[in-house]
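Have a look at the structure below before the remarks.
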Amino acid sequence: MRPDPGPDPSVAIPEPGAAVLPAYVLRVPTGPYRALNPLTKFVIAIASAVVAFGVRGWTGPLSILVVTAAIALIAGVSRSLRRFVLATIPIVASILLVNAFLYPGATDVLFRVGPFAATGTGVTVALQAVLRVIAFALSVAVFSLTTATDDFLADLERRGTGRRLTFVIGSAIRTIPTMGSRAIEIVEAQRARGLDTEGSIRRRLRGIVPLAGPMVFGSLGEVEERTIALEARAFSAPVRRTAMRALPDSSTQRALRWVVGLGSLVLVAVSVAGRFPLP
Amino acid sequence: MAWLSRQFSTRVIVLIPIAIAINIVLGYTVQTILKLPIYLDSIGTILVGVLAGPIAGALTGILSNLIWQYAPGIGGGTIGPFAITAGVIGLLAGIWGQLAVYKSRPASGRQLILAAIAAAVIVIVVVIPIINNPAYTDPNNGYPSWVYTAAAVIAVVVAVVVVGFIYIRRDLAGLWVAVAGVVTGIIAAFVSAPISAIAFGGVTGGGTDLLVAALRQGGSDVLHASLGQGLFSDPIDKTITSFVVFMILSGLSGRLLARFPLGERLVRDRAA
Amino acid sequence: MSVATGTLRLSGATYRYAGARHDALTGVDLELAAGSVLGVVGPNEAGKSTLCLVAAGLAPVVVGGRLTGSVTIDGRETVGMRPHELAQRCGILFQDPQAQLSGTASTVFEELAFGPCNLGLPLGDVIDRVEASLATLGIAALADRDPARLSGGQAQLVALAAILALRPDFLVLDEPTSQLDPQGTRLVGEALRDLARESRTAILVVEHKTSLLDQLADRVVVIDHGRIVRAGPSAEVLGDPALVELGVEPPPRVRVRAALAGAGLRTPDEADQLLAEPAR
């Protein structure tokens, strides 16, 4: 299954006068932080998540919170963060209530609300957990808002990720909105026909089949056709695929990726071993 | 290696993104528009596992979670860390696929009655010791006693529903599908509990957090409360999902199924 | 464009889908020579789509099933070829424009480049082929558009251009205009006419719209229940009134002439000439 590598087509520089890719294909991202290579941004996002969840205590999540907020400011996406933070409200509320009042084994009561007692231990755990969740949400937000999926996939492809994985991710991301509108159409049509989206649980349960049926069978019915279409475009050719777009990268960024990636793992290991010096 | 390559034929590569989209769109729709306390976000994962094998199934689950978390326009929420659970669900589905669990097994009257009796006996044999064993009701390591009564009631209800399914469709597969669903749900709960405890303070942000609160009130620690919530919702959700997948598979043409690596096992005895 | 040589030939081709009880095609003999256009008509469920898949080699190589007889491209059996080799020799276009696009390209340019990139061609070659395809079908203006947002006719042209980018010697079209509105049909029809005229690509086109075949095809075959029942020059086959009994609607000029003759009128030669000319 090892394909014959051949000369790397994306590295070959066309001679002057030879054909050049139009700008709307190259789509080189610009702007502070956005211009970074997609893999760099992804490594930063994953490392942030790892540190936020893996370094126990206050320092881990707080530092990630500060770092991601700073990146968001630099990249100019801070206003769009609101949506991501708001999406965490349900779980934040749950974390606060359940852990503050019902933390097992805690006895340092701070105050009482009716029959429930809020404990110091519980509140500390709750606040730390909330910080972790928000730090994680921000790290995700910063990546989503500054990195186009196309760019990420194109860069992965240039690095040697197989065409099948990049196809799966790219196709999934483009199929979701299409299927989403189809789902909305079906729900609207069912509502017009009397489907209850509010009533009793049993009625709503019965409502799943008329929705899921057409959507699922419709898309599964396309599998054969799409398979033939892909094969007709030489999708299974056993060669290294030509990577058209090349996102800029640099040795500085490569070093940064290693430092950030390994650093996050070291921090987590130190924290797990109980030797993390900061609270 | 050839086995791995066959799991990722072009047909499977076409199926996976569709399955990912089904996971996310159905999962989102069920959770927000229909507002039901189940997720139904693993239908695509299990479908791919059953048709294409464990690695393909695991990949579908993992990618579904990562895409739902990170993709621009779609991303957000807190589902990302549970990619591990989704991967496990896909892996298990691949095993069920190898074992042809989802194959239709039409049966006659006598076999159905025997199967129904067997199912009832299994449930009784498993449930009674749990209710009677005092060790399980020890706070700090187990759950308050009402949990076990509730579990027994749920088990009986599930058994009745499954037996009814087997009877109405005259298909023994109902039994195997139910077992697959329950086992998947239990394993998923065990995988998710530590993730929830470490990352999210032992809660999920959904209505089932009331259950978490009740369990903690009864004396369970963070991990056990999380596990208890999972053991309540996951088996139910995964069993419903498994039956949905079974209905989907029986509605697909044999011709379509046979072209998938494990699809052949599903149609071996079919008429057309 | 391509300097096509050779022939696509089916000899006694009999094909049955996997798990099917009956043959979908029986004893089909067909020949598609370089530079010619062959039309295929027939009632529904006659096997026209199967014929397309078999001619392009996709059945049985991708779809499975069993083929007896032979299907050869330039003398080489299609059953022995891998899908990507078939793709470079015989392109195929289906009815649904969006289902046959890759679904991963942000611009039409990248959509057209999908095939050549799959072949691992050097970047310069990829760009050349994309630009050539855009020029051949006159769709350079669509190059920066999102393929998912095109009209049916435009998407079908993009799909066709994407196939042409693989430089196949043969082209199989399975009802390319059936899902298009009249404007889309006209768009695609004109593009096919120009393509047939200017390149040496051999084309096999299945169509219900016999008026289109009237303008495009040199020869036409009629297929029914998996067998070829009529074959001949297009004017002759399409002008045959017996076509109606086979469930195929003859082109307008034939219907008009038949109607006039039925009314007892003799058509003067000039009217004949007028009716024979392609509609503008």
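Lettered A, B and C in written order, each chain numbered from 1.
Here is the rule we go by: contacts are C-beta pairs under 8 Å (C-beta built on N, C-alpha and C of every residue); 3 or more make two chains touch, one makes a residue touch a chain.
For clarity, every value in this text was computed on a predicted model and none was experimentally measured.
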Chain located farthest away, centre of chain C as origin (C-alpha) | B
Look at the interfaces A-C and A-B and say which one is made up of more C-beta pairs in contact.
-> A-B
In angstrom, rounded to a whole number, how far apart do the mean CA points of chain B and chain C lie?
-> 46
Calculate how many whole Å lie between the centre of chain A and the centre of chain C, each centre taken as the average of the chain's C-alpha atoms.
-> 43
Which whole number of Å gives the spacing of the CA centres of chain A and chain B?
-> 24
Per-residue multi-chain contacts in chain A, two or more chains = 167, 171, 175, 178, 222, 224, 226-227, 230-231, 235-236
Shared-contact residues (touching 2 or more other chains) in chain C | 62, 83
For chain B, residue numbers touching 2 or more other chains are 10, 259
Mind pulling up the chain C residues that touch chain B in the complex?
-> 17-21, 62, 64, 83
Residue numbers on chain A that touch chain C, as the complex places them = 6-7, 9-10, 12, 14, 18-22, 24-25, 27, 150, 163, 166-167, 170-171, 174-175, 178, 222, 224-244
Write out the stretch or stretches of chain C touching chain A in their complex.
-> 53, 56, 58, 62-63, 82-84, 86-88, 91-92, 94, 96, 99-104, 106-107, 109-110, 113-124, 126-128, 131, 143-144, 148, 162-163, 166
Touching residues (chain side chain B, partner chain A) in the complex | 1, 5, 8, 10-11, 13-18, 20-22, 24-26, 28-30, 33-36, 40, 43, 59, 63, 67, 69-78, 80-81, 140, 198-206, 209, 212-213, 216-217, 219-222, 225, 244, 248, 251-252, 256, 259
Residue ranges of chain A touching chain B (in the complex, touch as defined) = 1, 45, 49, 53, 83-84, 87-88, 90-91, 93-95, 97-99, 102-105, 125-126, 129-130, 132-133, 136-137, 140-141, 143-145, 147-149, 164, 167-169, 171-173, 175-180, 183, 187, 197, 201, 204-205, 207-208, 211-212, 215-217, 219-220, 222-224, 226-227, 230-231, 235-236
